Structures are given as structure tokens and as C-alpha cells.
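What follows is a short report on a single structure.
Residue numbering begins at 1 within each chain, and the chains themselves are lettered A, B, C and D in the order written.
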């Protein structure tokens, strides 16, 4: 008998998940990537490091986050729904899991500074937070358009002692912030760690970030058992770069659960993309016929990214996971329904996953299915935007 | 040995230091004339940028050139078409990002470059481990795959890069992106590390902004690559005569 | 041997804590108060109710919230500081503990509607949240001045399906919102429960709210033991009405810990008040020589209340707890220091307690003291205000 | 028996229904004249509000009157001073909140009221359980402590309230605050519940806004209290003649 195929294991030695992944960075960054990979492998097999990581998650970040049965929404949709409450993690989303891991690694590598890219500011705030806690210097790159849209998140990072650099190149949004962070990293790599915010970038980042986020799936699997659920029929998460999805999928990849990732229609790398290389990785990208990267457009800044993590590209290709897109027009209604039925205002990112669940209940989600929804973040950051949209409509 | 390396070695053999200016393809209507002016002024080879939307290794000047050129509809093909009008007898080297050639098809891209008399290519986001398929494609055409060596590259890896690079070795003077900070920086040390095992021509680039810097860098290497300083002149509206003057300045500094 | 005196036990049968408390409401509300008292006594001795309350806190609200050692701030101040992280509870403060208890009681009493008063909107959002979860109708009264200052919290409540009524009488702030809620309650008492937001109002509210909040102190006491702390030297909390303070004090009232409550200087009922009757209770109130209630003025809307819960008035009188005041001018600096040192942006309310700790470190708080700080809420709601203040200063 | 109850019983004994208008003390310069006008128009007793910053049991009209009067510096003392100018021979009843008399001192307040010929007091935020100290203070002076009975009050409690109230029993017609919703509401039922055990005069208040409502309420009780409807007229700038006309309208409706 042959071994069963296992999903979401380590990438191969070249950092590939199937044909995706890799390490497409300038030579100047290769030593840093190698150092990081070695440091991570070492740390991740060091019980003391894992204990420290888990302790910080528990004592500082509020883990484990609960699993909440969504009874009223479930009744409304004819589903049995459980929500993994990353919105209750410190700073309001799953992003904190990753930055706690990466900042601890930074200390371990003896570096004194971190940099990060951010779109809406969630990952930036999370990084600034973890950096403040450890006394690391922190610089966050943010597209100028986003610094204007998210002025309060900029201020939040500054309160946390970070410097926020508005990026004025290109489309002046997330993708350009990544470029700029890479440029800073090339320059300052000796004492600086680039704390990437999702399962993207060059190897070993997609792997590291997935590992640091996999606590979501591990916890959820254990917690569902307390509700008498052995394996949910479907696990649903929204997908920007794909870190919250990777984190929860990791707990169920080797079960019979369907894994469903929901992209924004205007940032749908699986639905509308093709293979390419950007930001250090080979993955699915939205690009034109000449290989120029397209700008993503989504109501939700966190999904406003033209690529997807390479492991997701792989899971899509081998059909272990399914990816669908939700357009802006369905997102607000989903946010409202969850708010009214359950008393949880989700992030606009998360609302994409909710919208798909609403759309497909009774369809792709057969009535009576047991669904695990990754409630990746809270909507407080989005309330002003939602109000403006509803106001404009009325 | 690819023709690019042969050509550069031939120049070096004369005792002349190589001067390689960088132009962004399609940046202006008359960019071909800029190239010609540079050659007239003493360029030994020319690097030609094929613009990419996300030029991760470039500083603000070349970024702007990328994006401006793209707004004019520049593509790999349009650059090759333009080059058919070029009247100059120096080696040409493409500089672009991997996604451009990947999307074009690696073999098709290499073939297209060679057909357009571009016999070298620099792809800064292709490190040693990822460069295999591209080198294979280049080997099918007469295109030299130029590899970069950074100040942070450890010795064993320098040896591997020096062994595998084609045409020349691109020695980054600095831990920086193009046009970011100026000066010779670590160029001397990087070149020396290459020299330990290889006598492939070694050019210093990144941060060579003034004739004086070029002179210093050329003294410890086989020559220099001049990028942002030149592109800035063109972004500012400079034409062939400004290009010519600038290159002449570099040329005479290097030769003095 | 006589029994030791026990603190923070049940009030007497007239709802008094010492000479404070009582039930100063119109006859029309007496039956509702009696019904509520009976329902609470019944529920609070019903293991099934307690189990339900705790389950909702765990599965929905994210309890237990962690205790976080504040190492960098502690080092800076020469103290050993632990923070009880109510900022991580759902909706961002301790307010959720109380509303979950009260909405469950509402269901148990067979009422279909809740009303609440709110100042900045924290208690209103929490009530709207708990009401949404249970499918209760919810109306929130909010001073017109506050609805304008806190437009996003108004919208948040509306998203959660609640109606927000701007109160145009009096000073159009919190105190008037309480008056208006009382008026609504008189009118609709048959099917409506008034979900009061702090340890105030007529008996049995101060007692009920304290009991529902005492989970804070119970958890913290257990959690400190895990850090090897038997009893902290000092327990510190900010005090508006006094619910977060009562909740954490309850866990330590019968230990040797000093209990310290921090009021806003402009809303200091202990420091500047005298005994009086307002909002159904006899307590310490800020009032003029004729018994007219004064308006409180604080940078922090949640402390902008001229009274204090009656049990606190009692604890102050018998000197079991100490109460001090912090002026607006010290609050922003405290918020910044905690943010920069620990990666936690506290609510402005909470920042008062931090400010006192900073001021008294080495003084009233001897160097080396072990301090338990109730981190009652997160500062996200206040970031815009803080930015405006700092901007005006610069 | 306090003088208030004696006086009201005396009127009732004549078969006349009691009409008790409410005035906010100090609301205007000439508020005393308003009272006099009301008496002239047929009021049998007058309720006089002593303003409080937080009138929890009052609707918007009387709230506004409270706050407006406070801006003029009205206090318990100033009202008593004003009343020394009053030329009218009907019983006066104070209406205020507990904090006002508490702050003044309960005994001192009761004494002051009695000295000013105010022989009754309604404190709506003092329910049965809390009223002891105030009743004690009132008993030291000739001030009747008037208790309210609400539609929600259960029967045993009605009995207790009826037994302890002094002067008269205030029967709330509605579960509402003053001036909120209009009509006789549950007044009849509340009065009947008082009557089961007591023959103290029982007046219906809260929600009596029109002469017709007053007439209906008076038919099932010993009389009515008219508050917001009257205060609204004064807030709108009405003077003694408007007060007189309004009260006459109520009087004739009740008497018809």
C-alpha cells in the first residue's frame, strides 16, 4: 500500500508547492532568505521557541479565539455554521498570529528592525504592535492612496511608535508597497527583517506565514470536536494573499472537508489570473497579455491584491481547494446580515466569504451542511466606508 | 562562449574600460537616437530596459521610466521593432524582469532578442537557483544570461555565479536598488571576489552617478554601468545632445 | 471569634451597600425592579442559567480574556504589572459581559425588547450586539451631542439592527440619555428590559451588573496564580459608573490587595461629590449647593458621568477602596506610553488608570509593587479624537 | 389628618370635582399671577414644581420648563419667597425630586414648605420603600406626603400606598411620564383599586391634556391634575389671560 497523499506539507527544497512558489529575488536578498529559512527551521523544531510563540499568542494576542455557533444565521440559511473568531484576536484580525511569529524570529536572528507592507493597514498595525511589544524599530510601507484612505490606521501605527512611509510609485497601493518594502529590504537587510503580511513573497515566506497561521486551523479542529463535529463539510475563508485561508485550511487539508477560498471579483488571481512571477514568487497573477501586472480593484483593501499565495495556486491546480469570486455588490448585504443576525460586524474581507455562503446556501452548499467559516477580522475599520457607501446609495 | 563575452573581452584586451549606459526602451519617440548618441560618445555596449509594471529592483528614477514607457504601449516586440532602426555596432543587453520573458515564452523571448541583435539579458529577479530554465532558453539562442553578484553574496556563491554567468558578471556596488545611493561602495570587493575564480569581464553597476565615481569603479573592474543618472536626464526632457555630453563626460573620466 | 467582615457581598434587602444604593424610582417601575430582582436571584442560583451565561461568554464574547504581563512598561516604571485584557472581549471592552447577562435575563423574563443608554457608544454597541444575537428588539438612547461626536458608533448600532434615539433634553449627553431611557422604560416596561450599562441605577441593577462583571476578577485571580502571583499588591481600574472596577475588585475585595479606582477629574464623584439621589440610587454625585446635578466634563466619554455606582461610594466611605482623579492633560501621554511600550492602544477611559500608575510609580505605588491593571477597553474608538487633540496641540 | 386632606375632602363633600393645575415655579417673572389666574378660573388646589436638573418622570414639556426655570436661578427658597406674594386661598402642593429636598435637609425642607403655605408634596422618585424619612419629616410639619399609584402597581401594594398616602392619592392614568401620551387611560382602574380599601381623595394625573379627557377622568375619580397642557401654553408665551381661559375650559367641562 502506498502512503496517502498529504496536503499542505512542507514545500520542496526549492520552495515550490507543485509548480508554484520559489524564490525570485535579487541575489542581494538570497542570503537573507537563506538565513531566514535556516532560522525558521531551527526555531520551528525548538520546543522553547514554539512555547514562546504560543505563550505570546495566549497571553498577549488572546488565543485561542473561540469558535462561535452562528445559530440565527444558520437557521436563516439552512446550514449549520461555526465561525472561527479571528476578529477577537488582538488588533482585530488573524494578522497578529503571523507577526508575533515573525517578530520573535527577528529577535532570534539578532535583527533590530522590521519593515512591512500594508494595504488597508491591518498588517501594518499588527506589525507595529508586535514590534512595540518587543522594542523593535518598525517602518511600514503603505501606498499613498491607502494612507489617505486609511488615515486613522496610519495614526494608529504612529501611536505604536512606527514610521509609516507613503509609497508614491506605481498605483500607490498595496502592490507598490510590497515593491517598496523589497527595495528597503535590499538596502537594510543586514539589520532588518521584512515581515511579509501574507502567504506570499519568496520562499520561505509563504511557508513560514502558513505555519504561523496554522494555529487557526489547529484550534478550530479541536474546538469543533467540542461541538460534536468531527469534520465540517466545508471550510470557507476569504483570500487576499491567502494567509487566513491557509491557516484554517491547514487544520483540515487532510480530512474530507471541502476547502473553499473566496476572492474579490476585482482581485481574483485564481479566477482571472494566469501563472507568472511577482514579488519573489511564481503564482497565479492578474496580468495583461504582455505580463504587466494589473491593478486589483475591490471594495475591500485587504483583498486588493493581483496575486495569491503560491500554495493556493497549487491547491487550486490540483483541485484540493476551490476558489470563487464575490463582487463588491454582494458584500455590504452580507456584512449587514451577519451583523443583524449574530451581533458580529465582520471586516469587508470576511464579508466576501459570508456573501458566498449566502449565495450558495441550498446550492453549492447543500442544505444541512456543516460549515466552518473563518471570521478573519472585525469590521470596525470598515464602518466609515460602509456608511459612505450606503449613504451614497440612498 | 557567447558573442557578448567575446565582444567585451575583445574591448578589454585593448586596455579600454567598458562603459555601458542604460536606456529605457520606448521611453521617448527618439530613444533609438539616444542610444546612437551614446555610442557615438563612447559607449562600449548598451543596456536596454524592457519596462515592467513592478520593477522591484529599481529606484524612483527607473521606476518612473518603466511606467512612463508603459503608458506609451511599449512591449518587448515594440522595442525589438524600434531596434531595427538602430545604426550602431556595439553589443546590446536587455534588462527586464522575469515575468516579461516568462509571459512571452522563454525560448521565444531569447530567440526574439537574438534576432534583434540583443545578445545579453539581465533579469535581476532571477537568482542562481531559479535561472536554469532561462539559461537553457538563452543557450538555444546567442543570448548571454548575465548574473548579478551582490555585496551580500557569500564566497562560495560568488564562485558559482562567476562560473555560470555569461557575457559578463554584474557586480552590484551596493546593497541598494538602482539610483538609490551613489558611489562605488563595495564594488571593489565584489569584483575581487569574482576575480578569485574567474576572469569573466566584471562590470560595476548600481550607484555610479558621476564621472568621478565611474573612474574610481573602473579602476578596480573592467568597466561600469550607468543607469539612473542617464535616465534622469531623459526624464527631464534631455535629448541626444545631452546624452552625448553626459556619456562623453563619463568616457573621458574613465579614460583619464 | 467573630466572622471576618466580607466585602462586596450582596446588598441588604433594601438594596443598600451601607448607606448607598436603594431604589429611588417611580412607583410605575417598582414592579419591574422587583420582577428583575426575583428573576436574577432565581437565575443566579440556577446552574443551567450560569452555564448558559458562561457558555455565551466563552463561545461568543471571547472569554476568558488573557492576563498580559506588561514587561516593558513595568521595567520603565519599576513595577511588576499585569493587565487584564478586557480590550480583547467582543466589541472591545468589558461592557459585553454585562449585556450578555442582562439579555439572557431579558429572555428569561419573557421580554422581547431591550433599551439602553450610552455615552460614547460602547455600552450601546455592546447591547445592540447582544440583542442581535438573541433576536431582541433594541433601542439605544444617546445624547444628541454624543450622536454627533460618535457618528460611527451610531452607525455600528444601526448595522446591528438597533434603533438609536438622539436625546435632545438637558445637556444632551449621557446623564440625559439615562433619564430618557428611564422614561421609555416607564412607558414600555411590560415588554421591555432596561439594560443599564454600569453598576448604577436602582436596586437590583448595581448588584446585577457587578455580579455579571465579577467574572473579570474571578478570572484574573486564577490567571495571576499561573504567574505565581498569589495576591497583587494593588488592583487598579478606571471608574465611570464603576462597572469594570467593580468587576475586577470583586475578585480581590477579600484579600490584602489595595483597590484603587481612577476617576476623570471632571467627573469625580468621590473626589468632588457629595451624597445625593439620582437615577434611582443614593450615591456620591457631583452637584451644586441646591442639589442640581452638574455636568461632568472629561476627555473620555465613558467617564463623563457625574455619579458613581453606590457600592463604590460605600467602599470609599469605609476605606476599603481608594479613589483618585486624573485630569485630561495626563491621559494622552499615558495612552501613548502604553501603546509604544506594549503594543496595546488603550481606551481613553483605561488610559486614566495607566496615567495614575505612571504618576504614582515610586510614590503611592512603591517600586517593585505587583500591580493588576484592568485594561477595560481598546482605544480604536478614540483614535480619531486623540489625533485631533495632538494635531491641535502641534 | 393633614390640612391638605381636610381641605380636599371638604371640596369633595360639596360634590365638586377637584381641578389641580400644575405650574413650574419661577418659570416666568409673573408665574405667581398665573397661579392666581388659575385659582380665579376655578382651580381647587395648585401643584407647584420646584425645578430639578434631571426630571426623570417628566416628558419634554415639563423638562423644558425645569431647565428654563433653572437658568433663571430658581431654587426652593426663591419659590417660597415668590409665594409670599401669592394672593389666593387654595391649597398648594409642591412637586419635585428627592435630591432637592434631600440636599436642603428633609426636615428643613418640610418646615420651609409649610411656612410658605405649601401643605403637600409629591416626590415621584420616592416609592413606598424609600419614602419613610421624608414622611417622617413631613409629619413634623403640616405637609402631606402624596404617593403615586401606577397602573402597574399590584393590588397589595395599592392597599399599602392608599393607606400611607397623605392629602390625596395620585393615580397615574398611564405608564408614561408627564405629557407623553394623552387620555384617561387606566385612570379608572387605578382609582377603583385605591377605592377598594381607602376613601382618600383620588386624583387622576398624567395624560390629561384636554377638557374632555378631564371630564371623563373626573367622572371616575375625585378630580384631575393638569400639567403639561398648561405648561406648554406658558412656554409658548401665554400669560395670565391664556391661563385663565384654559383653566376655565377645564372647569366647565368637568362641571358639566
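Here is the rule we go by: a residue touches a chain if its C-beta (ideal position, glycine included) is under 8 Å from a C-beta of that chain, and two chains touch if they have at least 3 such contacts.
Just so you know, these numbers come straight off a predicted model, no measurement behind them.
Colleague: Which chains, if any, touch subunit B and subunit D both?
Modeller: Output, common partners of subunit B and subunit D: nil, no chain qualifies.
Colleague: From the centre of subunit C, which chain's CA centre is farthest?
Modeller: B
Colleague: Please work out the Cα centroid separation of subunit B and subunit C, and write it as a whole number of Å.
Modeller: The computed centroid separation for subunit B versus subunit C comes out at 67 Å.
Colleague: What whole-number Å value describes the gap between the mean CA coordinates of subunit A and subunit C?
Modeller: It comes to 35 Å between the two C-alpha centres.
Colleague: Quick one: do these chains touch in a line, a ring, a star, all-to-all (complete), or other?
Modeller: Its topology is that of a line.
Colleague: Report the complete set of touching chain pairs.
Modeller: Touching chain pairs, listed by label, are A-B, A-C, C-D.
Colleague: Could you pull out which subunit A residues touch subunit B in their complex?
Modeller: My answer: residues 14, 22-32, 169-170, 175-176, 179, 182-183, 186-190, 275-280, 285, 287, 289-293.
Colleague: Name, in rising order, each residue of subunit B that touches subunit A in their complex.
Modeller: The touching residues are 52-57, 59-60, 63-64, 67, 70, 75-76, 97-100, 102-104, 124-130, 147-154, 157, 161, 172, 175-177, 180-181.
Colleague: Using the touch definition up top, name the residues of subunit A that touch subunit C in the complex.
Modeller: These residues of subunit A touch subunit C: 58-60, 62, 65-69, 72, 85, 87-90, 92, 128-133, 135, 151-152, 155-156, 159-161, 335-336, 339-345, 380, 383-384, 386-387.
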